[in-house]
Every structure is written in structure tokens, then in C-alpha cells.
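In what follows, a structure is listed as C-alpha cells, so that the remarks can point back to it.
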Amino acid sequence: MSIIQIIFLLLSVMAVGSALMMITSKNPVNSVLWLIVVFFAISGHYILLNAQFLAIVNIIVYAGAIMVLFLFVVMLMNLNAETEPIKNRRLQLIGVTSGGALMLIIISAVSKIDVEQLVQINAGDSGLIKVLGMNLFKNYVLPFEISSVLFLSAMIGAVVIGKKEEIDIKK
Amino acid sequence: MDIKAYIILSLVLFTIGIVGVLVRRNAIIIFMCVELMLNAVNLLLVAFSKMHAMSTAAKASANFASDAQIFVFFIMVVAAAEVSVGLAIIVMMYRNVHTVDVNFLNRLKN
Amino acid sequence: MLLAIDFALLLEKLILVVVVVFASLGIAMYTTFAERKVAAILQDRRGPNRAGPFGLLQPLADGMKLFFKEEIIPNFSSKFLFVMGPALAMLTACMTSAVIPWGDKIDFFGRTVDLQIADVNIGILYVFGVVSLGVYGIMIGSWASNNKFSLMGGLRAASQIISYELAMGISLIALLMITGTLSLKEMVVQQQHGYWNVVLQPLGFLIFLVCAFAECNRTPFDLPEAENELIGGYHTEYSSMKLGFYLFSEYINMFVSSVVMATLFFGGYDIPFFDESVLSPNLAAILGIVALMTKVIAFIFLFMWVRWTIPRFRYDQLMHLGWRILIPLALFNMLATGGVILFFNK
Amino acid sequence: MNNIFKLVWLIPILPLLGFLINGLGRKTLSKTVSGFVGSAVVFASFVLSVLVFIQVKAGNASTIHFFDFIHLKSLNIAFDFKIDQLSSLFLLIITGVGFLIHVYSTSYMHDEDGKDFAKYFAYLNLFVFSMLLLVMGGNYLIMFIGWEGVGLCSYLLIGYWFKNVDYTNAAKKAFIMNRIGDLGFLLALFWLISKVGTIEYNQVFTAASLAKLSTFDITGITLLMFVGATGKSAQIPLFTWLPDAMAGPTPVSALIHAATMVTAGIYMIARSNALFTLAPITLNVITIVGLATALLAASIAIKQNDIKKVLAYSTVSQLGFMFVALGTGNYVAAVFHVITHAFFKALMFLGSGSVIHAMGGEQDIRKMGGLHKHMKITSITFLIGCLAIAGIPGFSGFFSKDEILAGAFSHSPVIFSLVLFAALLTAFYMFRLYIITFTGTFRGTHDQEHHLHESPKAMTLPLIILAILSVVGGFIGVPEVLGGNHWLASYLSPVVKSASHHLEHSTEYMLMGITTVLVLISITFAWVKFKNYKVSGESTGLGKILENKWYVDELYQMAIVNPLKSISAFFNNIIEMKLIDGAVNGVGKLVTYSSRQLRWLQSGQVGAYVLLMVIGMLILFFIQLFL
């Protein structure tokens, strides 16, 4: 077993275990924290795959911003294990069964792929910010701009939705 | 690493996300499960950016490998936009009905 | 295959990590002392002067006191998270220093040693990532305290940090447009051979500075722990060494941000108006470290000076400053920089 | 090619223009303007028709091609106008008589609202347009378009006072009966197309294409065409609509139901004489039907008391004469009678209109009498009309009727005697009408008597013109035996074959003498019988049957309408209500029920949707992978 494989296994166990903990823990705050751990594990995988830039962006965006927002909202609402709505057992069982069946069936489908043709071609430079930047601003300028517009509209949308309604004084 | 290991890993993560959506009623947790699914896809994309069939198209294009990572960026952008709007909606929902139970919102009115 | 690892390198890095961490801790310790002294000087007092000569042993005494205080863990709180909070704060504070180039290479018994733990090509981003994680320590701790005031403090901290991170990032982009690299080491080398970045990016530096104050929760942005309003902010419920961790992490943050600012804008370990290459490498490296430390101390003094000079902002003013002034300014700076670069490249 | 033929398209277009102006501007145009527009366009067409007629008379018949109307692989129907001797003659009648009736209408309809007035003229112009299309069309399809158009206008004008239910029923009756005939005509056209591949007159009537038709085909086609003609020209069994059509304004009755539209059937058969000549069976059928119609209508007319009804049955009867003429192969005589009949029947209808106008809407002749004192012009012109229709020598009706009688005699003495009998009946009932209406003492109310007056100029002028035409119109066809050369026959000879009867001159003289004497006796009998007319009670026996029009309407009601009604009721109550409604409602109920069953899927709960989605994906994957 090479060191890469050991790291891969460690990160995988960490990711899967944390993901499981996330969906099983009763307390939403714990769920958020477990999800952060998952993101760290995934970032680790990115580094392993020579995508250093993506790894750090993943941390900054997901762990540093998105999950903080989640945590923020959870804390604002003061959600905890007592207020957590619980689904009934039967539905949970159906959910787990069907989800598991889906996983098994996709894995069985994937196992038919001929992996011999797949070759590792990335020597490590494709994850560099320079290469990514060139590609992004040369070949994907339009999608980039469009996604920025999307992002702006989402920002405005969030502000509009979250705005406190003007309270009618007469009421 | 074998590409199959990554495929299976992302599949497992993706499925955990699906199962999470199915078994939880808390809107925020469901939301997080969606994020988890997105990340599983991202992981797979990055894995494919490193390893894929050496087609002639791949050889011809200099930045073929980084294409997949660019897509990861776009997915992140979409995820961030989604989270900003989605969380705003959840906060409004909580403000109005004082719960984050998605089953509570099963009708359009009231 | 495990054997393929370069053990010497590992050892070298390990030693460097230990040195850096302990140096950070030590500096942080004495920064507390310095803070009290500076406050005293600014307020025309004497400051601590009992423990040891000039009160130099005061930080040790403080530390001992914190160690021997009773540990209080409130009821109805998540014990694990309650402990995790300060630990995370400390961890993230220390992690930042991993990518900082403390000095040039040192020739150590025939082995060239980099005075930098890791020269990663995304160095500045790493700093960012770690800083953005810093908020977790505060938030987890505040939430685990099961105390409304703590929670308020934690939420304030979180929103403050998130808000100012944005302006900080945008001001940095302008800088990166000039340097063209993310590696801190390379930036220092560039500044050694050219101008300091502060000359090229005065506005960017100003924004970065303000943001750094906010990120460290320093006055005038110390809303999260505003003692008069929130008792003790997010660490109201903390006592003993866990409180000490929070306080320490704050000072470490201050130190690290000073280092980062010095590195990014003031040439790092570069000695101004002096060509280091005429000296022997070892001497140059040591002189470089001294130069860096001098700059850092100057920054830390600035932090304290500001703390005892400017009153605290109101919370809405804080948000106003962040979102309506700093971010537009930073955006303008970025666009102007881009325009100038385009103009000169033609 | 003469220049006037380039303007032929204006002849139908002008009335269409008038229709559009009056129809679209009916809310804004004043009565004077709409009346003027309506009359002027027809007058313009009349002038053009006269010019065309002059050209045709000089021998310049032609077919004018406008555009390809229907263009299929094997069938090419052009939009053509055929201007020849026959159609130019009809153009003159339609536009000339039409113009007079328009002028008459401006006065007669003056009490209507401006809007309705314009509507009336719009319909009238549309009718003229359709009729012109009918006669000018270069093929059966164009004729059919006009054919349908006049039917529509007839319907619109009969139902002009549509607020009266009886009138609208009369309109519907006319329309439906016409439709039955139209169906026959249409079938004939299809038959013709399938056999010959064309319906252009010029191509159908060539020897080559006629040779393609077997005797059976020709008989069938002509019979179907005749069915169409019976509908339009009110022959047995489709004649009952015409008396009911008197519900429309009197000028309409004069124009449509006396002078023009009802002669469309005659025109059609005369136009297709080449076909009909080859179908002796059809000709026999036409003769019999025409004869029966002439007798039946004449007998009914004897006992009618409504002034317009008498004229209507008279029209049916006269149309019967024309069909007898057609059936005996005497096409020229039929066309001749169409022309003279157009004059004197329009005259009499307009005269009756004048009377009705004077009587304030009263139509019952039992309440009239002695009108001659008050309305000299109307009375004299009406008398001229009666003399003409009765066939007094010198008047137009004499010549045309004499020709029909001569043709019938040459065919068979039996037919001759029956036609003669019908002619005697005609003289009798027409003079009965005249005597009761215009002579004797007034039987109406004092109020009506006080208001009796001669009609205005716009009404009497057309009467005078038509009276003159009724007198002189016959001289276009003075037979050889009377020293004439029968100008009409020679004029029509390129289109319509002359009858090939060659009676001895002495026989003709004898026939004329017998006819004239008998007619005079008949008139005298009428004079004696109705000189001192008193309103009598219910008549009995044959009189009652005649009064009730041989119970034909009741017979139709019993034999056709009632069975149809019960079949409709069956379809409505059983098929429609139970079967179709049941099916439709059943579908609705099924959807409602199944939707209600499916509704649990739409629980509104996100989790359920995602679960279903996952299960769906599962199934898809399963199918893709393992099946």
C-alpha cells in the first residue's frame, strides 16, 4: 500500500463517516460541523488530485463562507435536538432503502466500465491557478460573466427576501 | 489512485446526500445534503480532470484537464448563489411559521 | 515506500514548526504585556512593573493565574464543542504562520534551510482560508456557552469577519494583479528587487489595514467582546486556560496579521535601501528576520496605539463602513489598478 | 376582342361594391344616399349590360378568363365569364328589372329605419351580384357560387323582417328547400367532373366530351340538375317555399321570386340544352313535372285571397309553363317566356306592392275593391299585366305562351290541352284578382278608404315602364306565321337550338284562335262571377281543398317533417343524451375520479417528491441495466 493509498483511504473514511454523522446527528449544529469536516476531507482529496487551487477555494468558499452562513442561520434560529422535526420510522426506512438501492445499482453500472483506457494525464500543472485562469478567461469568459450576473441577482434576491417588511403602524 | 475508487467514493457521498434529503425534515439539513451532493459531483469532476480516456480530443486540447476544474468553479458559484437565496427563504419561512419543517409547508396558502 | 520520504526535510520542517509556534506564543505572551505597557504610557501611567525587572515577568504570572483558575463548564452546553471553541481559535491562529517566509535561506551545517515552513504556490490563499476558518472557533464557543450574550457576541463576530473578509479579499486582488503570484516568498523577492507594494498600492494597504483590525476584533472593531454591552462577548462563560486560549489567539492573530501586512506590503524580511546580496547568506537571513520583526513590532504598536486612541464603533456604523465604504473603495482600487496595468502593458 | 369585354368584370363588381358600401356603412349612410348608391350601381351595371348586349348582338360572343380558380392535377377550373347571347339577355333582364325594382324600393321601403333601409339595399345589391355571377359564369362552378349566393340573399330578404317568427320560418323553409335542390345540382357537378373531367361549358358541350357520357350518365346528370332546378324554380315537389317567400318585402318578391332568381333553373337547363337534348327521359320528366306544377299552382291560385299569394302561385304556374317548354325541347320559348314573364310578373308584383302600400299593409283582396277610382295608374298598369299574362293577342304574354302551346301541340295534343287548361285557369284567376281588387265597391274600413292614394312617382314610374315593356316585349319573338321572323330565336341560335316543330300555318292559326277565344270566355266568366263580389263563408268540397292548397304543406308535414322530427328526437334523447353525453361526462368523471386517486401523490411534501424521484431513477436504471 502506497502512502497515497493510505491517505486516500483515510480521507475517504473521514468523508463518508462525517457525511453519515451529518445526516444522523440530531442537533443541527453538529450536522453543520460534520459537514465542514466532509468538506475538509474533500479538499484533501483535491490536493491528492493535484488541484491545489480548487482545494483552497473549496475551503474558502464552502467551509469559510457557505457553512458559516449555515451555522449562522442555525444559531439565529436557536435550533437544537429538541426542536428537530423527526420523520416517522417507516418513511426513514423507505428512504434509506431506496437510496441504498440507487447507490448499489449505479455502482453496479459503473463497475462495467472498462477502466483500462483511463490514463492519468494530469502531471499537476492543470490545477495551477495560472492554467485555470487562462482557461477560464479565454474559453469560458461568457459563462463566467453570466455566472457573475447570476450571483449578483442571487445576492439582490437574498437581500430582498430577507428584508424586514414595513410594519404597519395601525396594526 | 484508481479512478473507480473515486467514482465509488463520490457515489457513496452522493447517496448519503440523497438519503439525507429523504430521511430528514429540517429544511436546513436538507439544504446541506444538497450541498453534499454537489460536492460529490465536484469531487468526481476533479477526479476525471486527472484521469480520463486519452482521446484524440484530449491530446489536441492543451487545457482539457482544467476544463473539469472550471466546471467545479461554476458549480461552486451556483451553490453559493443557491445558498444565499435559499437561506434567506428559510429564514423568512422560520420568521413566518416558526419552524424549519419542510412538511409544514405542504400547501401554497396559510 | 514510506522510507522514500526525506526524513531530514521532515525533521527540519518539524523543528521550524516548533520554533515558529513557540515564537508566536512567546511573542503573543509579551504582546499582552506590551499592550498594558503601551496603554499605561498612552494614559500616562506606569503599567505593570512588579513582576521581575520592569514587570517583565508579568505575562508568566498571568499565565499561571489562568492555569490555576477553576474550569467552569456550563450546564446544557455541548461539552465537546465548549472545549473545541478555544482550541479551534488557537489552532487557526497558529496555522497561518505556516506559509510566512520568516527570512531568506540559512546555511546550516552545509544544508540550506528555508526559513519558511511551506512555500506553497497558493500561499496567500492559504492565509485566507485559515483566516476564514478562524470564525468557527468563536462561533462554536459562543454557541456552546448556552448564553444569549455569548451567542450575540459570536454572531457579531461572525458577521463582522465575513463582511470584512470581502473587502480584504478585493483589496488583495489588486495587489495580486501587480505581483502576478500567490506565493508569499516570491512576493518578498519581488519587493526586494523593486518597490515595496505599499508604494504601488497605498489605497489597497489602507483597506487591508482596516480590515485586519476588524478581523482581529481589535478596537475600534471589538464589538464581539464589547465588555460594556455584552459583558465579555463570546467568552463570557469561559474561564481558566480556555479563556486564556481565546485571549492568546487574539494576540497571535494580531501578530500574524502584522507579519502578513509586513510581508505583503512592506517587503517582508527585506531591509530597505540596502542590498542584502553583499552580505553572507546567513548574516543576510538573520538581518532579514530582524528587519521583519522590527516591522511587525511597529505594526503591533500601531494596533495598540489605535486601540487606546479611537473609540468603539456602533454596530451599524461597523457594517456601514464595511459594506458601503470599504467594499466600493476596494472595487474602485481594483478597477483602477487593472486600468493602469493595462495602460502600461500597452 | 372588343373594349367593352374588358370592362365586363365591372358588371358584377359594381353591385358588390354597392353591397359593401351599404353593408359596411349602414349605420352612417342616410336613406337617400344608400338608396341612391343601391340603385346607381345597378343602373351602371345595366348600362354596361346594354353595351355588352350591343356587342354580342353584333356577333361578338366570348369567354373572358380572369384567373385559375381551382387548379388540381387533373382538374382545372378557371374563373371565367361567358358572355354570349343567352347570358347577355339575362344580364339585361337582371340589371334592367333590378334597377326598376331598386328605384321602386327607395319609395316602397321608405318607412324603414335608416339602418334597415341600408341593409335592405345591401342585400338587394348582393343578390344582383350573385345573380349576375350565376348567369355570367363560364362554368358550372361559378354558376353554383351565384346559385348559392342568390339562395342566401333570398333567405336574407324573405327574413328581412326577422322579428316576425313566421317570416323567419318562411325564410328557413325557402333556404332548406333550396338546399335540397342544390344538393342535386352539386351531385350532378361531381358526376360531370368524374366522367368528363371538366365543367367548363365550352368543353362540356363539345361532341367529344358528350361522347364520353353514356345515356345513363346523361340521364342521371340531367335529372340531378333538374332536381336543382326544381328547388330554385319552385317546381313540384319543392314549390311550397315560394308562396311562403311572400313574407319578404314586395319588391323582393318582384325581383327575386318572380323575375330573376326563380328563372335560374330555366337558365341552367337552357344553358345545358346540349345535355338535355340527349336525355329524352329527363325531358319527359320535366314536361310532366312542369305540367303538374302549372295545373296544381293554377288551381290553388283560384281560391287564394292574399293578393301576393295569388301572384306567387301564378308565378309557380308560369314557371311550370316554362318547364313544359323546356321539356318539349322548346328552349327558346322557355327563355322567351322568362323574359315576358319577368316584365309582366314584376309589373304585377310591383302593382300589388303599390296596392298594399295604399292599403296600409293590407294584403287580403276581400277587404279591397273599387281601387281603380283611387289608383288609376296602378290599376291600368295592373290590367295590362293581367292581359299580358292571360295571353290576349298583342300583349307580350300572347306570343310567348303561344309558342309554348304550339310546341306542346307538336309534341302531343294531350299536353297541349292540359297546358291550355292551365292557361285558361291563369286568365280566370288573374282577372278574378283584378276584378275583386280594382272594381266594385270598397270593402275595407272607412279609415283605410280615407287614406287611399296613388303611389309616389318613384313607384309608378317603374310600373309604367314595365307596363310598356309588357306590351311590347312580345314583339322580339313574333312567329313567322304572324309575319314576324322570330328575332329572339335567331339571336339565340348560336347557343340554344330552336325547336324543330314545323306546324302548318293553318294549324297555328287554328290554335291561336281556339286559345284566344277560350281565354276571352274565361275572362268573361270571371267578370260575371266576380262582378258583384261579396265575401262568402267557408267554401266546401273542391273549393276547400283548393283554399288549403291541396294540403301539400300538411302532406309534407306528415310525410317528411314529422318522421324527421321523431328521428331527430330519437337522436337527441337517446343517442345524444345517453350515448354521447354519457361518454363525454363519463370521461370527465373518470378523470375526476382518477385525479382524486392520484392526488395523494401530490402531497405537497418535498420529501415525498424526492422519494418518488429516487424510485423513478431506480426504475430507469434498472430497466437500462438489466432489461
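Going by the order they are written in, the chains are A, B, C and D; count residues from 1 in each one.
The definition used in the following text is that a contact is a pair of C-beta atoms (placed from the backbone, for glycine too) under 8 Å apart; a residue touches a chain by one contact, two chains touch by 3 or more.
This is a predicted model, so every value here is computed, not measured.
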Closest chain to the centre of mass proxy, which here is the mean CA position: B
Between B-D and A-B, the pair joined by more C-beta contacts: A-B
Distance between chain centroids, defined by C-alpha means - chain A, chain B (Å): 6
Length of the line joining the C-alpha centres of chain B and chain C, rounded to whole Å: 33
Separation of mean Cα positions, chain D and chain B [Å, integer]: 82
Mean-CA-position distance for chain D and chain A (Å): 88
Where chain B touches two or more other chains at once, by residue number: 18, 22, 25, 103
Residues of chain C touching at least two other chains: none
Contacts with 2+ other chains: residues of chain A: 53, 57, 65, 69, 76, 87, 91, 94-95, 98-99, 102, 106
Pairwise touch network: line, ring, star, complete, or other: other
Complex interface listing, chain B residues touching chain A: 1-9, 11-20, 22-26, 28-29, 31-33, 35-36, 39, 42-43, 46-47, 49-54, 58, 63, 65-67, 69-70, 72-74, 76-85, 87-92, 94, 99-101, 103-104
Complex contacts: residues of chain D adjacent to chain A: 607, 611, 614-615, 617-618, 621-622, 624-625
Interface residues, chain C side, partner chain A - complex: 1-2, 5, 78, 81, 120-122, 125-126, 128-129, 132-133, 135-136, 139-140, 143, 151, 154-155, 158-159, 162, 165, 182
Chain B - residues contacting chain D, complex: 18, 21-22, 25, 30, 102-103, 105-107
Touch list for chain A against partner chain C, complex: 2-3, 27, 29-30, 33, 36, 52-53, 56-57, 59-60, 63-65, 68-69, 71-72, 75-76, 78, 128-129
